[in-house]
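Would you mind keeping the following structure in view while I ask a few things?
Labels A, B, C and D are assigned to the chains in the order they are written; within every chain, residues are numbered from 1.
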Amino acid sequence: MSQPVHALFLVSAPDQPGLVARLASFFYAAGLNIVDASNHTDVHAEGGARFFMRLVVDLAGLSTPAASSALRGSATRGALEAAFGELATSLSAQWSVRYSDVVQRAAVLVTKDPACLYDIVLRQRSGELPCEIPLIISNHPTLEPVAESFRIPFVCLPVTPETKADQEKRVLELTAQHHIDLVILARYMQVLTSGFLDHAPPVINIHHGFLPAFQGARPYHQAHARGVKLIGATAHYATKDLDQGPIIEQDVARVTHAMGPDELTRVGRDVERVVLSRAVRAHLERRVIVEGRRTIVL
Amino acid sequence: MSQPVHALFLVSAPDQPGLVARLASFFYAAGLNIVDASNHTDVHAEGGARFFMRLVVDLAGLSTPAASSALRGSATRGALEAAFGELATSLSAQWSVRYSDVVQRAAVLVTKDPACLYDIVLRQRSGELPCEIPLIISNHPTLEPVAESFRIPFVCLPVTPETKADQEKRVLELTAQHHIDLVILARYMQVLTSGFLDHAPPVINIHHGFLPAFQGARPYHQAHARGVKLIGATAHYATKDLDQGPIIEQDVARVTHAMGPDELTRVGRDVERVVLSRAVRAHLERRVIVEGRRTIVL
Amino acid sequence: MSQPVHALFLVSAPDQPGLVARLASFFYAAGLNIVDASNHTDVHAEGGARFFMRLVVDLAGLSTPAASSALRGSATRGALEAAFGELATSLSAQWSVRYSDVVQRAAVLVTKDPACLYDIVLRQRSGELPCEIPLIISNHPTLEPVAESFRIPFVCLPVTPETKADQEKRVLELTAQHHIDLVILARYMQVLTSGFLDHAPPVINIHHGFLPAFQGARPYHQAHARGVKLIGATAHYATKDLDQGPIIEQDVARVTHAMGPDELTRVGRDVERVVLSRAVRAHLERRVIVEGRRTIVL
Amino acid sequence: MSQPVHALFLVSAPDQPGLVARLASFFYAAGLNIVDASNHTDVHAEGGARFFMRLVVDLAGLSTPAASSALRGSATRGALEAAFGELATSLSAQWSVRYSDVVQRAAVLVTKDPACLYDIVLRQRSGELPCEIPLIISNHPTLEPVAESFRIPFVCLPVTPETKADQEKRVLELTAQHHIDLVILARYMQVLTSGFLDHAPPVINIHHGFLPAFQGARPYHQAHARGVKLIGATAHYATKDLDQGPIIEQDVARVTHAMGPDELTRVGRDVERVVLSRAVRAHLERRVIVEGRRTIVL
C-alpha cells in the first residue's frame, strides 16, 4: 500500500468570526479529508488578535468528482491552490502549502564539532527528520570524513574577514544549485550577515545558552561565572540581530557548583542536540509560524 | 465590562470525513463565534479511529437574528442543545456541554494531611481553579480548623470496616445535597467501593507514585526499596480497580540514593500538589475526555 | 528518646594537602562522630583553588572523657569552638558553626501576594523548614488575616519614597528585636537599599524569572514578549546589585505560544514556591556557602 | 605537562565512628593528596547503617619519602594496596581500586538499532566516556558497516534457542580475550542467562521504560495502552532477574495523548541514549556502588 499524500497548509489571518468553519468547509466541499488540524488565536498580537491554523489534508479526494466539481473541473494541485488563494484573499490571510511527496532538502553548515552533525544525519537516516541532506558545507576540512562515511557531498569554504562576502555568496550559490529549502547551522561558528540572510532559505541555529540569557560567545563560561543552577540551549531562526531570532525550542539540564565549564559543555551538548533536532523536525513538519519575534508551534 | 459567557462543548465520534467542517459550520451558521477549538484523532482506538473535539463558543451571538433563525426562532441554551444534539446524532457522536456562568462545585475529601487541602483551596481562592468549594468531608477531625479558617463547611464522617457502607451512603447524600459536580480526593486514605463510584460525580484521586509503578500502599517506601532515581505522582479518575483509573496528569522529581523515605515523601509532596491541581484544572476547564483506560487532554 | 544534637560546621579554605584528614581527625580525636560530610574543591576560584566542607557532628560525644581530654578538660561548645578556631587559623580557613538545638528564626517580608506566604508558613509547620517564624512584615495590610490565622505577629509598615529610609530602619529594629537570623522576601515588592542590606541578617529573595535573563520588573511579560518556551524562577541572596546576588536555586517549567502573560504567571507561581522553599531549606540546613558571585550548595 | 595519575578507591563498611578520619588520615600520612572525596551513610541498609566512600587520590606523592616511609620502604601500587587492605580489614570494609592510567575496556553488544551504538562510540571518541571500545558483538550483521566506519572489530554471533548456550560461551571467550572490563548492552535484544552473567564482567543494560513500570517487552506499547503522560528509560546492571537489576540512572520525557507508539519510541530514544551514557560514565568514573537492589552513586 502506498503512503497517503498530504497537503500541509499554514494560515495566518486577522481574527474574525467563522474562520475555522470557512477553512474546514472549503476542504469538505472539495471532498478532501482533513486528517489533522490545530489552531491558535493570539489575542496579544500587535495590530489586534490574530488567528493561526495548520491543516493537514489527504489529497486522495483530489481524484473524486466532488473535488473536480468544486475546483471547476480541474482537480489539480494548481487548481486547489488557486481556489484556496481566493478564500485566503477574502479573509486577508497569509498562507503557504507543502506536499508530503515533495521531500524538503536541508543543507547542514558546520565548523569542527562532529556531535551535532552526526546527530542530524543519524536522525534523518532513521526517518525522524523528513528531509534529504544533499549538502554539507564547512569553513574547515575537519569533518570531511564524517560526511564521506555517510556519502554526503562536502564542500569546504574557508572564511576570513576579507573573504567573508565571497564565501557567503558561494554558499548562496550552492544552496540555490542544490535546491535547498532549509539551512541548519549545526555549530557553525560564523555570524551570518543580513546580506546572506536576505537571500537564503530559512536558517535554523542552535545557541548553546538559555536565551535571552547568555547571548554572544562562550555561553557556558558565562553560565559558570554567574553560578546558574540550570544550563540550556535554544534553537531559533537566524535573523540579522545575533541571538535575537524567533525561538522555536528550548530546554535545560540541571547542573551544580561542582561542574566546571568543561562539564557544563558536556551536559549542554546533550541538550543542544535534542533541542536542535526538535526544532528542525517542527519546521519540516510545517508546524512553525513566525509572528514578530515569537513563534507559534502548532 | 462583564465577562463573556462561553459554552464548552466536548465531542467524541467515530472518525469520518468533514467532522471539523460540520461542527464548526454549525456554530458559524448560528452566528456563534468559536473562540477556541482543538481536536485529536486517535487512530489506535479500539473499534476504529475516533475523533475528539473541544469547542469553546461565545454565547454573545445567541441574541442575534442569525442564531434565532438557525435555532428556529428560539435562541435559548435549550434550543442550542437540541439543535446540536440532532447534529451529534447524525454523526453518531457523544457530547456534553457546560456554560462558563454556571460555576462547578467541588467537594474535597481529606484525612489528616493538610498540604493538599490548603493547596486546593488556595488555588481556588486565587482564581486558578474555576469552581466553588462548598464542602470538605473527612474521616478524621484533624483538619476542621483549616476548613474553618477558610469558612468552608466541614463534615467529619469516621469510617470503620463495619460502617463503611453507611459512611459512603452519607457522603453520597451530602454530595447530592450540595449539588457537587466533582469530588477531589486530596490524600483521602480510604478506598472507595464501586457501589459508591457508580453513583458519585466524577472523582479525581492523587496517587503518590508514578503509576503504573508503585501501586498500592506506601509508594515512597516501595520507591526507596527499589532504588529509583526519580519519584512521581499521578492524578487519575478513580475507578473500581484501585490505581487503574484513566491518568489525567503525571510528573516526577529527581531523587538520589542519599534520600530516605521521609525525604522522598517531602520531595514527592511538591509533585503531588502540582499534579493534582493541574488535573483538577484541566477537568474543570472541560479539557479531559476519557477513552477506555486513557484520557485525551485537549 | 530525645533527638540527637548536632553541630553543623561550614569551612572554606585555600586548597592544601590533608584538609579532609585534618578536619575529620580533629573531631575523631575529640570522640565526636561525624554523621554527614561533604566537600568540594573549586579549581576555578579566583585566587587559586579553594576547598569547601560541611560537617555534621553528633555532640553526644561531648560528654565523654575523650572530648574532655581533647578539649583540655572543658568539654563545652565554647571549648569546642575555641579548639576548632585554632585549627582553622592554622589552615587559613573561614568557618562558622550552628547547633541543631538552637532553632533559627526567620522573618517573612510580603506585600499582597498570599501564595508564597502560605507556602513558607505551611512548610515550616509541617517540619520541612527547620526554623521558627515569629514575624511577618508587610508594606500593605492585605495579608494580616493570613498571619492571624497562623497566629504570627504581623507588622504593617507602609512605604513611600519619602519614608523608605525610616521604614527600612524600622524593619532592622524589628529583626534585631526578634533575634531574626534570616529574612525571606516572599514576593516583597520593594527594592532594599544597600544601607539596609549592610545591617540586616542574610536575605533570600525569589525572582520570578530565569536569571540572568529577565532581570527587573514584570519578567513574565518580558518572557512572553520574547517568546521563550520555558519560564523559570530564581532564589538568590539579595545584594545591593538588584537581581545580581548569588543564585541558590533555580527551576523552570515548559510553556507554549498559547499561554498569555496571565497563564505564564500562574505556571510560574508554582515554580517560584518550590524554588524559594528549596533555597530557604538549604540555607537553614547550612548547606550554602557564598563564594564571590556563586554559591556552593553542599 | 603530563596528566596527573589518580587512584580511585571505593569503600563500603559497617558504619562506625571515625571512618572519614581514618580513611583520610591513611592517605595524608602517606603524603598522598585526596583530590576528591564523597561519602554517604545509608541508615536504612539491611543489617544496620552502612558507610560508603569514594576517594580520588593523586599518586604523585607515591614517589616522596613520606609515602616510602608510610608504606614500609616500598612505595609501589602493590604496597599501597596491601597497606590499605590492612586498614580495610580492621574496619570490616569491602573495597576496590582502579588507576586512571589503566584505561578500561568496554565491549558493546548490539542487535540492529544503530542509534545507541553511534551514541556510545561518539561519546567515547569525544572523551566523554573514559574507556576504549575494542569490540562490538552483534547477533545480526546489520551494524557491521557502522563498526567499520569507526574501525572497531565487529563479531557477528547469530543466536537461536538451540545455539544460545554456545553463543554466550563464545561471547565470554571474546570478552576474556579482549580483556573487557565492562559490557554495554546497547539495545541488544537478547536475554542473558545467569550462567553468562555469573562469569561476565559487569553488564549495563538500557531498558526503554521507567522501571519498575513496564517491565518486559514492548514497553512503549505498554505505556501507550496505559495512557501515561511521561515515558522514561532506565539504565541498570543486568542480573539474572530480568529488568530487576540495580538502577544506575533514569530519566523521563513528557508525552501527550496525541502520540502513538511510534512517536513514543522516537521521544524515548533520546531519553535512552542520555540515560545509558550517564550510567556508563558514572560506572567508568567509579562512582557506583551496588548495595542490595539499590545503587549508591557518589
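Heads up, the rule we're going with is that contacts are C-beta pairs under 8 Å (C-beta built on N, C-alpha and C of every residue); 3 or more make two chains touch, one makes a residue touch a chain.
Worth saying up front: this structure is predicted, and the values here are computed from it rather than measured.
**Student:** More than half of A-C's contact pairs recur, by residue number, in one of A-D, B-D or C-D. Which one?
**Tutor:** Interface equivalent to A-C, from the options A-D, B-D or C-D: B-D.
**Student:** Name whichever of B-D and B-C has more C-beta pairs touching across its two chains.
**Tutor:** B-D
**Student:** Return the distance between the CA-based centres of chain A and chain B, expressed in whole Å.
**Tutor:** Computed from C-alpha means, the inter-chain centre distance equals 37 Å.
**Student:** Using mean CA coordinates as chain centres, what's the gap between chain B and chain C in Å?
**Tutor:** For chain B versus chain C, the centre distance works out to 38 Å.
**Student:** Quick check: how many Å separate the C-alpha centres of chain B and chain D?
**Tutor:** 44
**Student:** Could you say which residues in chain B touch two or more other chains, in rising order?
**Tutor:** none
**Student:** Please name which positions on chain D make contact with chain C in the complex.
**Tutor:** 17-18, 20-22, 24-25, 27-29, 31, 33-39, 41, 61, 254
**Student:** Under the definition above, what is the set of chain B residues touching chain C in their complex?
**Tutor:** 114-115, 118, 122, 125-126, 128, 149, 266, 270, 274
**Student:** In the complex, go through chain C and note every residue touching chain A.
**Tutor:** Checking each residue of chain C against chain A gives 40, 42-44, 210-214, 224-230, 232, 246-252, 256-258, 260-261, 293-297.
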